[in-house]
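Order of writing sets the chain letters: A, B, C, D and E. Residues in each chain are counted from 1.
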Amino acid sequence: MQLAKVVGTVVSNRKDPNIGGFKLLLLRQTNPETMEDGSYVVAVDAVGAGVDEYVLIAAGSSARQTEMTKNRPCDAVIMAIVDQWTIDGRQVYEKFSPNHGYDVEI
Amino acid sequence: MQLAKVVGTVVSNRKDPNIGGFKLLLLRQTNPETMEDGSYVVAVDAVGAGVDEYVLIAAGSSARQTEMTKNRPCDAVIMAIVDQWTIDGRQVYEKFSPNHGYDVEI
Amino acid sequence: MQLAKVVGTVVSNRKDPNIGGFKLLLLRQTNPETMEDGSYVVAVDAVGAGVDEYVLIAAGSSARQTEMTKNRPCDAVIMAIVDQWTIDGRQVYEKFSPNHGYDVEI
Amino acid sequence: MQLAKVVGTVVSNRKDPNIGGFKLLLLRQTNPETMEDGSYVVAVDAVGAGVDEYVLIAAGSSARQTEMTKNRPCDAVIMAIVDQWTIDGRQVYEKFSPNHGYDVEI
Amino acid sequence: MQLAKVVGTVVSNRKDPNIGGFKLLLLRQTNPETMEDGSYVVAVDAVGAGVDEYVLIAAGSSARQTEMTKNRPCDAVIMAIVDQWTIDGRQVYEKFSPNHGYDVEI
């Protein structure tokens, strides 16, 4: 999976019937160390992600293994919203959400 | 999925029987921020796209999940024509079509 | 699919039984605008292509969707010989074949 | 497969139900000759790997061929912990583990 | 498929049960024209290849289409040992093996 940041939305009215009704988000891959933005990708959102959130993207046929995307012409899906990551024991990113609470799960 | 711009057509008379009869379009990947053209790719058109339109391409096995491309030796399909995209809340591209009307769907 | 030019052949006597008997061609990806050669790839030939011809390659699992390559350990197949392509309305390449005639199909 | 080094962990509380409960590790691809770190990737851990261990990652649909990842939206899995590798007959890396013993298997 | 040269071996004692018992080889992609070494990849050996031999690698789901690798978490397989290749009619590489004889098959 690739770490990415949601940066925008993509709107389409003329789509293959199999992909209709999905929320399409625009993302940039994230360098986990420097947090710099990388390549762009458009993904179907399976978890209710919003702009500025860090997420994980599954690509290829694995993008079709969520309930929402099964048998769809979709090659990238957001399958997790990221709360925290560490490199060499150092916490690089932590998302604090007062509304939903926060507890570490590894 | 990748954002791309239709730039041309590809004609072939000698094809594998499983791919016969498809419209093959030549596309360039689009940088969503600068709108600059990137790499070329040839894709089957599943939505009736035309030259100069911005579209979404699904690649790999996901390219075979439209009615048109099922079980075909096709690794890239145009599965959506793009009407609009935004980055950081700013609208980067909007396609206005007086013939078909236009309404935002996210 | 990727546009590529057939540049050579690859010979192997010791192969997995599932891939035996196939013609393996050496190709270089083609820049559709400048016609410059790019990366090399080896593909199974499903359409009877020859050296110097421009072809389309399907990669990944899509390379197994021809009659010839079904269930084979093959990740690239030539599934079309290209007769012509255009960019921005300009014809970049046209193959003329006096033996087989030539008519445009889009 | 790609040789990679485990460098950290990724925590997510809001995931697609199909990927829930997995340990997600952050890895960097390893140059087998220079041992330099390369690109980052996030993978599901199917073998109990830990930070600083060298592992093999299977990507794409092959990442779903372990018991743990079957039918999951997972496009990268750690399917082996590496004990040793050689280049041109020279042993580049050897992991010595006094707890588990060590014997070469090729 | 990609042309590659076997340069070493990879040893792992702790593997996913589905991948146990396979010979894992370390390879470098080969530039077919200059014979220069490129990127590294680790592949399962389905044909009995040895160090310094030139081989073909099938990647992705196609790597699971040999008897040996069916349903395994394996994304790269050596499915052919290469005896010869040509570019523009010129023979770039020929492997001569006095033990096994040699005859050209296209």
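Brief remarks on what is shown
One rule holds in what follows: a residue touches a chain if its C-beta (ideal position, glycine included) is under 8 Å from a C-beta of that chain, and two chains touch if they have at least 3 such contacts.
Predicted model only: the values in this text are computed from it and were never measured.
Between the contact lists of subunit A and subunit D, the overlap is empty. Comparing the residue numbers each copy contributes, subunit D and subunit E share less than half of them at their mutual interface.
We define each chain's centre as the mean of its Cα atoms; on that basis subunit B and subunit E are separated by 35 Å.
Separating the centre of subunit A from that of subunit B, both taken as means of CA atoms, is a distance of 22 Å. Among the residues of subunit D, those touching two or more other chains are numbered 60-61, 63-64.
All chains join into a single ring; listed from subunit A onward through subunit D, they run A, D, E, C, B. Listing the residues of subunit D that touch subunit A in their complex gives 7-19, 23-24, 26, 40-43, 51, 60-61, 63-64, 71-76. If you check the complex, the residues on subunit D that touch subunit E are 1-3, 31-33, 46-48, 56, 58-67, 69, 77, 79-89, 92, 100, 102-106.
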